[in-house]
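This structure is in structure tokens; I'll ask about it shortly.
Letters A, B, C, D, E, F, G and H name the chains as they come in the text, with residue numbers starting at 1 for each one.
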Amino acid sequence: MEKFEIKEMLEAVAAGTTSVEEAMLQLKKAPFEEIGIASLDHHRGLRQGASEIVYGASKTPEQIELICRTLWNAGQKSIMITRMKPEAVQLLEGTEDLPFTYYKEARMGLVGQMQTPRQPGYILVATGGTSDIPVAEEAALTAEILGNNVKRIYDVGVAGIHRLLSHTDEIMNARVIIAIAGMEGALASVIGGLADCPVIAVPTSVGYGTALGGVTALLSMLNSCASGVSVVNIDNGFGAGYQAHLINNMEG
Amino acid sequence: MEKFEIKEMLEAVAAGTTSVEEAMLQLKKAPFEEIGIASLDHHRGLRQGASEIVYGASKTPEQIELICRTLWNAGQKSIMITRMKPEAVQLLEGTEDLPFTYYKEARMGLVGQMQTPRQPGYILVATGGTSDIPVAEEAALTAEILGNNVKRIYDVGVAGIHRLLSHTDEIMNARVIIAIAGMEGALASVIGGLADCPVIAVPTSVGYGTALGGVTALLSMLNSCASGVSVVNIDNGFGAGYQAHLINNMEG
Amino acid sequence: MEKFEIKEMLEAVAAGTTSVEEAMLQLKKAPFEEIGIASLDHHRGLRQGASEIVYGASKTPEQIELICRTLWNAGQKSIMITRMKPEAVQLLEGTEDLPFTYYKEARMGLVGQMQTPRQPGYILVATGGTSDIPVAEEAALTAEILGNNVKRIYDVGVAGIHRLLSHTDEIMNARVIIAIAGMEGALASVIGGLADCPVIAVPTSVGYGTALGGVTALLSMLNSCASGVSVVNIDNGFGAGYQAHLINNMEG
Amino acid sequence: MEKFEIKEMLEAVAAGTTSVEEAMLQLKKAPFEEIGIASLDHHRGLRQGASEIVYGASKTPEQIELICRTLWNAGQKSIMITRMKPEAVQLLEGTEDLPFTYYKEARMGLVGQMQTPRQPGYILVATGGTSDIPVAEEAALTAEILGNNVKRIYDVGVAGIHRLLSHTDEIMNARVIIAIAGMEGALASVIGGLADCPVIAVPTSVGYGTALGGVTALLSMLNSCASGVSVVNIDNGFGAGYQAHLINNMEG
Amino acid sequence: MEKFEIKEMLEAVAAGTTSVEEAMLQLKKAPFEEIGIASLDHHRGLRQGASEIVYGASKTPEQIELICRTLWNAGQKSIMITRMKPEAVQLLEGTEDLPFTYYKEARMGLVGQMQTPRQPGYILVATGGTSDIPVAEEAALTAEILGNNVKRIYDVGVAGIHRLLSHTDEIMNARVIIAIAGMEGALASVIGGLADCPVIAVPTSVGYGTALGGVTALLSMLNSCASGVSVVNIDNGFGAGYQAHLINNMEG
Amino acid sequence: MEKFEIKEMLEAVAAGTTSVEEAMLQLKKAPFEEIGIASLDHHRGLRQGASEIVYGASKTPEQIELICRTLWNAGQKSIMITRMKPEAVQLLEGTEDLPFTYYKEARMGLVGQMQTPRQPGYILVATGGTSDIPVAEEAALTAEILGNNVKRIYDVGVAGIHRLLSHTDEIMNARVIIAIAGMEGALASVIGGLADCPVIAVPTSVGYGTALGGVTALLSMLNSCASGVSVVNIDNGFGAGYQAHLINNMEG
Amino acid sequence: MEKFEIKEMLEAVAAGTTSVEEAMLQLKKAPFEEIGIASLDHHRGLRQGASEIVYGASKTPEQIELICRTLWNAGQKSIMITRMKPEAVQLLEGTEDLPFTYYKEARMGLVGQMQTPRQPGYILVATGGTSDIPVAEEAALTAEILGNNVKRIYDVGVAGIHRLLSHTDEIMNARVIIAIAGMEGALASVIGGLADCPVIAVPTSVGYGTALGGVTALLSMLNSCASGVSVVNIDNGFGAGYQAHLINNMEG
Amino acid sequence: MEKFEIKEMLEAVAAGTTSVEEAMLQLKKAPFEEIGIASLDHHRGLRQGASEIVYGASKTPEQIELICRTLWNAGQKSIMITRMKPEAVQLLEGTEDLPFTYYKEARMGLVGQMQTPRQPGYILVATGGTSDIPVAEEAALTAEILGNNVKRIYDVGVAGIHRLLSHTDEIMNARVIIAIAGMEGALASVIGGLADCPVIAVPTSVGYGTALGGVTALLSMLNSCASGVSVVNIDNGFGAGYQAHLINNMEG
């Protein structure tokens, strides 16, 4: 498989010898460039319609900074960094050329700015308890940075069902719902029964004893008696936010 | 520990040299008699305020029949048999001297008759789905035979929360609730949040894949975010019905 | 919550005193009717934009037939029955008034006809091996009956990666992808990396030894290193097909 | 569902147009108010016949203090705080207006005073070993704060069965028993066999190796061969104390 | 390592150039002979002071018969066969030259006769319930065939502790105890606390739900709070009987 | 059960109206005295033929010191303390009246002196690796303090089978063997095949990844293909040493 | 990636414009052809130096026959079929044109003939017990069909270590060893310590109770204290035989 | 088994009375010497064709230094130390007589020098992500020290399949491949499908939630749908490097 030349392709599109759809498709297949510590793919924003995402968990502060600067200088307008450690935050906040914002609760960073939502509807992020909020913020911010309207309803666990039901309208009008809960994870089933939009469930590691670090909530959500519910890994707020973004921006 | 003489004790009570409370306490401590295949304890009805219970699972039809006849001839008015196998049912139905009734769905048998409820209130038995009904019937019949009023609300799983909420009054007025569910077992949490009476949760082995034969529902119920919920073994309708009976007959 | 009167509401809409959106919202909240063995909700087609679904696993053939006839007589045009047992198939095939079709591999039945797709794009259903096909057919038929175009690419497991890559265009042009695999479940990760649409992964119980009845594939899929992947229960083809339908019919 | 007006209802009761029972029932259904960080429900004391409970585990010291002050100023006489961290204790002890007591072993705090027992009988709290005492104290104090007489018998594990049997009278005279044990958790079975009142078993995370952090004791208790035993989550002293309180205060 | 010549060695013993202890030690090290389907070791009776044991589980009826005949003709007086399948029983019962007895409940066979006990004391075999009896019989018969006195006390589970305590003298006078129980396996802990001889615990697969096929009883027994308890595999009555035999025949 | 009077009984023995055996038996049944923090049983040395054992894991240094002093003053000659924490060691070493020795590797303490072995034979303690030595020392010292000769062969894991086989004579001449290993725990099977005495296997938490904190070694040992092997809890050197002591001192 | 033309490439090789190594490399990359039910790859014999392998587990008898005939007619000399069901065996044995041999114990079939070994050394296949033989035969036959010399030593489990050690020379002279065992799986560790060639360990599902269907043996083998041991799935004799073949045919 | 004299044997070889092959075989069987803390086997370099390996995990710095010095003085040219702790590194770096190199990322040390590769081909070490690199370096360095050429391709996880495919030639030309991945571990399956050489898979503990500390990757790799893949313990880079070395140096 040979290297792909963006410029030639765009000229072909310009000349009418290649349709836009065809060009888009070719771009998606374009290979990556191996430059240094990480394989950056400048076409990704195009390919997945998203900002660039830097997974912070396994990278040193210096690696994160280098990647961000390279992307920023290459023209990327919105660079999201997940699971940042304090040292990485400190380093990025100390730079002068990178417009960096840190969201503490979600442990996420942003170089540049959030994208403007194209879709007027909203993604709803709901949690069972207050301890689930860090995961919820990771999900909500991921969706917001990628350009989505987000509504949050927190601490609406099923043991106080009235509290959840008082939000029935927001649940029924949402385009996508992210249901986040630890302990017994029953929130996903109840919301799944009320909503008629796709529901993404996120189990959290909140709880003790037989909560088993989130496994109980995960199992519970996988066995939801409601249709239209799918599940991501324990505490994976980013994954839920990302998939909700893809669904919310489906073209009708 | 010496053998206890009922007659002497009753005479002492009659003579006023022993109080009734003292006599009751002594009776509870009375030893069992080892007679044949099973250790029958004729004082048990007295000691635990219950009918005699014969666990059918590990006994041959002949053993069950012998025990029932011995108890019946000893004056026991109500003998409950759990987890009966078809051959045992056939044998008991073939006897002429034992007044036997079989409850198919609950796999339970009764020699004699149900006890009359002393308590006007009711135990509520609720299930998440229709597949949970055999376990629910085991619980409900156990309570009824032991002398309790029982209300049943079946198929009120949380994925259709309106269905459950339409029974809010019955939930709030119950004295004890038995919440029975398989799959994700969320019913216990929602009912636990609505009720202010003790809730006994029974996980069932209904479901497939990660339902893990009831373990998911069990874990979910143990992690219920509602207070006042305790749990028994998977599919243990009898255990739930028995404890509900004890609670329902508490003296105020 | 009081009973909702459809007729009054429709008159209000007709009179212009209630907007259509408001009416739709109220209908979604409308309560169910408890009639006989199952709680049928005639508004569901409206509420969830879907055919009526009858879960066949825990119902007797007679119950299934009664529900289907009731729905059909009430005007439902498309009634899907999941996980049918042979006796239920036999009973439904013997009726004269119900137009019944049985899909053997998927163990699904249909009374009436498939809905016409409103969306020209397609849902892609891919499997790792030939043993995964029954689950895949359950997913594909669910989506087709609910009114979606479906493309199938079967037996494209990652151990022969060229086979999967020869379908790159179909993967990149799909609107939603259902990735179905047993054993090590790696298909979801590779497809998730190639696609930029939502991917729903279905682990299957195919495999032996440490495949653990699908748990290995499930764990693998939950840990997919690709973004945009969510997971449903083991062998839950229906759940994946249903959620894919919801996503595919998002209004842009 | 509209907001409920307490005042109107009370006037209706006063006017005789609403019975007390009806009023109580309506109050139980009354919605919560969303005020600030936590949803406080001033009717709860009424609804569940209990003091207000603040779950300390997932709250900051400032949040705990704010909630306590709000409740106290609203007239709540008894506010229990569970699983307090040292910083929260320090903050509460530093306030001047809140009458705060800290119970170190149970990690519980109390603003105001314990309720007076209405029921002359007692709840028995028994442990297998000395390491189980913190969980036992959480259970015992929960019951005492809510207004119950409690007897404690600690370190009566089944490996020294005489030690347990010397308390036979206390076991037989109890109204409810909380049996707390780690390791093999056999205490619940032996007590369950001796008592004829409801037994709530609490597995603890005491032990090493195959004690599996309490899972072994939990499994053991769920499989108790004694009737009348139900189980709560590992180390959940509060849950057991709360349910014991509900049972002990049953009206006959 | 070269082949060992028994005859030469015995002559050396006879001549006084080798002591008996030395000869015994050499015999223990003697190699096996590979003859046909199984490696028979004619010195084993000598080496381990035991009858020959044939594990029936993985052998065909013909293999079992051949081994038994070979051993019998070689002079072995007592040949025990474990886990016999019906076909093997039928074949052995059909032979004329082999004195065969079958013990149905224990699924064990014996060619020849039980050895005469050398030790006047007894091994005690206790079970929690009646369902544990097949495993108990395997243990008891193993010990009896190998030449030990055995006492059985069955159905003395801890939920009826008086029943067990009425056997206190038999427990305290035993030389070795085999405690057999399923469900929560608490019998081992209580007996371990009463006895001051070695206790071998055998978990059984009796129970349902979270009994997990014997794993719960196993975990419980491994965590026994009593000293002097060790454990064998689930349902391994033979292993317990064999080790009890070794212990009972220790030379003082 | 009434209180037992030692003095009266001894007089009866002296007078010849009670035999020694009968007296011993009664002493075994004698109840404990509840004095202070722990239930000390001064007859235990008599009842179990052992030194007094103080479980250090869950006790404060002050509690340990108090118990030791009480026992020492009551005439106990040998008091063993398990799993001591540094603070407890420091406190005991600081006392002047208690003759205290600390064994660091085994984390055990001894007040008084080891008992003199009555049995000339030896217990063999073998380990698979050097990391297993702390558990082995706990086992060996337990047996030595209780009065047994002990031989140690360490680091003889099965991956270097010659190393183990060079100790064949010591294995074959042992009266009891304690086989200690982590990782795959195969040592127990190989030793079990070589020896004809009872083997007690101790799994250790040595290893990483799928060693699962000792569970792999435990499972492996429970499934040993050798007869005569039983198992204790992970890292339970004390339990193995204690049972080996009981076996080694069997009267022939 | 376009279709590859074998003929053109071979002509280029003949013309000297392509080297043989280059041609081999290209062939390995050659795509597959999608023809009918299965994707057959006629270059595979070339690409992997092996016979064609048909996985029989998930195919109908008709599919297996069709694939075999297609391959045979295309010139394949050796076609191996794994995990054959009786109906497939019957069908293949009934064909006249396909030279079919069935190996019952291994459940494997062969169309054509075994390949001639190129390497004079041998692969050693060892089992712990007789129950492991079916898995061993699958491994051994796989290697033999692919063209390897195989030696078998069966029933040499570690509980009788002399039996294994009498084969020391065969172990030390092997080029690759496949060590197959159930229960505690210790065979792999002992052989791994004796051999200095690669050892492939195969856990089997032989055993009961805590053998956990092969998981115990698997865990044990993964934790082998010997270097040079790797592991395949439970009962995966084919996988072990295949990898042993690859290793045995390494070019020096 | 008597001590083996190297010198005599070599003289016999020199005299032609012993063949070289015979001598090699005898050397392999030569016993070890027990000298001090560890059993060093000076013939091992000869026996396994490898450098001496010192497992650092369970040894004190002083033990490691002593072993290294003993080996070095005995003429060993290459001594590898695994899993070194900082204190051991410090001690070894402080010695003057030992030529010590430390490889930080792999936590490995080397006294002396790497062996010169005899085989011109290479072992390929591939990882799914950057977090897997420490395990990969342990594998790669093990192979390099033992005398092998190694190629590394890191961060080629399957979610970006193009990245992996751009290395197709290196994969196809490798003699052995070590595939290292955490999370879902799919790398092993894809590489296994591309390569026709032996693949050793190493699961790593990289990941969170349901990655279960590497168990998910392990299970996934064991269930690889590709032939020719075997697996070692979680994070066991050394084991994989060692076995790859054995395979790479097979004589053709």
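We adopt the following convention: a residue touches a chain if its C-beta (ideal position, glycine included) is under 8 Å from a C-beta of that chain, and two chains touch if they have at least 3 such contacts.
This is a predicted model, so every value here is computed, not measured.
Identification of common neighbours of subunit D and subunit E yields B, F. Relative to subunit G, the most remote chain by averaged C-alpha coordinates is D. The most distant chain from subunit A is E, comparing centres defined as mean Cα coordinates.
By number of C-beta pairs in contact, A-C leads over the other of B-C and A-C. Each chain gets one centre point, the mean of its Cα atoms, and the points for subunit B and subunit E are 40 Å apart. Distance between subunit C and subunit H, defined via averaged C-alpha coordinates, is recorded as 50 Å. With each centre defined as the average position of its C-alpha atoms, the distance from subunit A to subunit G rounds to 44 Å.
One simple way to say how far apart two chains are is to compare their mean CA positions; for subunit B and subunit D this gives 25 Å.
Counting partner chains per residue, subunit C has residues 1, 129, 160, 165, 209-211, 215, 218, 222-223, 227, 233 touching two or more of them. If you check each pair of chains against the touch rule, the ones that pass are A-B, A-C, A-D, A-H, B-C, B-D, B-E, C-G, C-H, D-E, D-F, E-F, E-G, F-G, F-H, G-H.
Those residues of subunit B that touch subunit C in the complex are listed here as 129-131, 155, 160, 162-163, 165-166, 206, 208-211. Of all the residues in subunit F, the ones that touch subunit D in their complex are 1, 31-32, 34, 37-39, 57-59, 203, 205, 213-215, 218, 233-236. Subunit B contributes residues 25, 28-29, 47-49, 53, 119, 168-169, 172-173, 175, 196-198, 200, 218, 222-223, 227-233, 238-240, 242-243, 246-248, 250-252 to its touches with subunit D in the complex.
Interface of subunit A with subunit B (complex): residues 128-129, 157-161, 165, 183-186, 189-190, 192-194, 207, 209-212, 215-217, 219-227.
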